[in-house]
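After the structure tokens below, expect a handful of questions from me.
Just so it is clear, A, B, C and D label the chains in written order, and each chain counts residues from 1 on its own.
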């Protein structure tokens, strides 16, 4: 499967074409809608006030409720757009945003309204594509789940199993420890009150992957495949598998996961520092990674920047509707990216 | 350019085919040999005692000292191999290594001697390919350098500029602060004495990249392209751009890099939390990332594991020649991977 | 640029996502509509009676009349569908069609109405994508044109230059010799009267390509790139460059195109048997190829086939609206495919 | 599997890296050597007098006689090179060759000796790669065979079944009808006597492919996949599937292959105009195609051309050793290309 996202924040619609979908999947659209609702803003004070129905219209690839094997195209309309917000500041490159590099890259022709094609709004069709991928994986006994692992330095409990992540998915604020979740919310609201934003991290697990998928080689190793999908999610700036950056603090005797033969004859590891991958190949343990997301660049505070048209220094005060934090909304997005990556890894 | 590595640790040779090399580069083979020597083991107590000449034999793609535009194939012979070391333990899956997943993936047909195709020895032809890439970049005023940023929790000073990294390259142990370097060496030797190994991290910078390379989309964004190359390096388990995992501790007002018009009229940022990339596109600041490497899995200590043939629990005591740390040898390897990634990003 | 077509003959719409479009093209939608009208059916007795407005709705990638560099998505609605026509015969594999292999490939889940995703209707969004490609090429002085070279054994005059093909594009029946065109039309109508169909061939030229594009290697040679695009057009079964199959009747002394230095100092060939390509690389002469299209498989005559549900022999008499010939409608489609191929060849 | 050829006619060696080879194939090197010998020149008056041992040296990917799943690299040394032959004429672009476009493409840095990387010598490692592919296919009951279908207008009998092609493979001159073969040889020798060369065509069949492989979409359709491999073979200028260019002379009622249920319950066609492919998907009938090869451009006759260094008109008389025809030597090469294509089509 290959996906191609299209659309802009303030264009008529965003959408996705998913090529290579296996035929015969009875698509559970309600499950997809559920993931879309987890991503949707406007539910509480932690997110932007923009409200979108996010109803996917399927243009192709689905017939009598099943995937046909032909490319699947889903379109989600944009309705709650206020483009006027952006005219005033269109020449002021927002720090932390892609405005300046996009201006160079696209010669000033990019759609500047609401971040255009760079907008987090593009993650809605990505969640749609990931929803299809999740259902294909579930047919094979593979499940993907995630939780907020950190927000502004407040850490959630570590991931343990698939059941706890499934419970997370039903929560308005997907953390394992609601106590830590309350602290995180507080950190978000505090930032919001100060016209600021916060960053965080998401830990994700793919459960049920068989051992033996991947390769050590470029373009075919499990970490490389996953990272390609994860870094395509806006705001992701770091990706770490298993013990991740903590490997730099460890000795081999700690980091090596001892193997044993389980009661059912399968080979398992006593711990999972490797995050389910050795030498680029899955080892049958859960594939676990953490992705770090930068704080939302759009903040109300006065910032120093440049005017791209006048090519001179300037100051910027953004109004408009912004997310003080996108990490909680990004949880289903990273699940989607991971599900698509798992499909590629398995040759689905 | 695309590269394909081939070879096994104890086969006749390792090598690389590099397709799409621009014609007309006058290849400085001494510069490539210098990087190969930085990677080579056997120089001191910090590395395995295996000694290899690592002289690249060029089979194609070079004519009268210049690249021809045809695929460039370089072969490096294996000479100092002691395969007998591996026969005794060939059925014992080494914890932390790919032995078990490779056994599943390749049905037991993989070359088990010295790690076979999974061996760090494959990084020699990768350094060759990266050496070609570096010279292509240098023609465009782009330079790649790296240093050890952490070993077993000991941190080097942070990267500042290209000159200091160039000085690093000449060092036996490539750190910015030799004082910190001494602590790191001590940590390595201590681990070695205890028949153990240590992990670490490498920070790398690509200097001189123009603004406007990359795209926000899957498969074309700068972070995704780089991560694909970096995770293809054995032992790399985490990749972080700019402020990286520290973004999870930050507010937007700290993380946003304020822009200003420089004296020469160019647009620059006052800090570089973004690591030179916004929205998947380079912004003209140095592209900076950190890669974390797990501790060498091969350690002398007794470890618990399984016998893959008998499918029963077992204990393992490795003899043979092992690296107590690969981080210092991996510095030119990550430079090579970064140089190849930069070429892809720029369409070279 | 990469394109992904989606849609089915009797679904809500067909469309295309075009990734990697250079920013800043002022898209001439009327030129695109003109090519769509050249492809459209329903104009005369030579084509199916189905009538479609074929108005492209652009969902993304265009802002203030210019391409933005973000993926360009165009959707064309299906309006004149009569699905009832297909229910009666849905289990009868139409000879010459993909019904049987698609049944195996997609496990019976494919959309069978009107050929589903296999329908020639998918060539409408392909013409859209090709229209964008043509305009990008025209900016560089490169032009693509085609004419019917054969229908049912009646041959048009051979292609000479770009001007005559441009004149062809304005014709209802795009041939160089209207006399031969009249014979061809007669052959089509005769077949139609006998509830049959006819095949033919299209000759296409790409004018203005610079010398030096392509490579001899797999995946990068000019013929390979073009053929990939051309064989993706339904009904195309043969592709020949330059003298094509006539090379099998020739000697080297006839086939070799003698070179000379032209008055303007450029190097040109005295004839163009090579079709503008030597060793997989363009030589500056027009890139010329001929594509052969099989006769429309949908014919009214009684045919022998199998019932896929009952797995037994059967007879089939198709009603519905069919094209007695698709060659004349396919001329702008092959131009579109060639324009997209030329863009890939040039790295646009 | 992906293959990358490397090497030049007069460099130290030619070779191939084959990535993604399934592990566990017990490689029959004698079978590969047999195909290499079918391709080898120097056996009789019909080919160049250059003699090469063509013994493949395997550098990687094979262990204890079986493929390991790691990249397979084979190198074939060049021994019988006479570079002096080429110095005299190095600035004279040989008509029909890639000399001029390569000069533009590679800025004059290409290896001009013996055609360099453009040389037919590169088909030796291609035959090696195809030999591996053939053995992988044979494990699945799939066989690839070919014969000369035309030389200088003399046609062989049409292909009927796999057995007759297998018999062909053992022949010095691989035709079905030895009578026609004698005529062809005469045509070759006549051309040779006149310091000229002849072109021809090769018909190839892939037998035993299951129905249901491929897709109608770009990059995934059977014809597109095959054509990509076939046009990467030097001298191939046309590729036609099934009835091929004859479709332009046919009616639908002739071209449609009627289906029936065979005695064993399988669905088959009564004829095979489709060449085993409908809508880009295999239909279970033999996949049949014909590839046309241009006459060898290297001829002894005086030719008009240009001097690339002086940029002036010139005359050229080639000495050196040339093939008056390459079609008979190309038979195993096209089998190799077809075998690699079939592997891609089947996801091997």
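To be clear about the criterion, a residue touches a chain if its C-beta (ideal position, glycine included) is under 8 Å from a C-beta of that chain, and two chains touch if they have at least 3 such contacts.
All of these numbers come straight from a predicted model, not from anything done at the bench.
Set against the C-alpha centre of chain B, every other chain centre is closer than that of C. Of the two interfaces, C-D and B-D, the higher number of touching C-beta pairs belongs to C-D. One finds 39 Å separating the Cα centroids of chain B and chain D.
One simple way to say how far apart two chains are is to compare their mean CA positions; for chain C and chain D this gives 27 Å.
Counting partner chains per residue, chain A shows two or more touched chains at residues 4-5, 19, 69, 71, 105, 117, 215, 217. Taken together, the chain A residues at the contact with chain B in this complex read 3-5, 93, 95-102, 104-105, 117-118, 122, 150-153, 191, 196-201, 210-219, 221, 223-224, 227-229, 231-232, 234, 236-245, 247-261, 265, 267, 269-270, 273-275, 277-284, 292-299, 301, 303-306, 308, 311-313. The part of chain B that touches chain C in the complex is made up of residues 19-20, 69, 71, 215, 217, 220, 347.
On the chain A side of its complex with chain C, the touching residues are 2, 4-8, 11-15, 17, 19, 23-24, 59-61, 63, 66-73, 75, 105-107, 109-111, 116-117.
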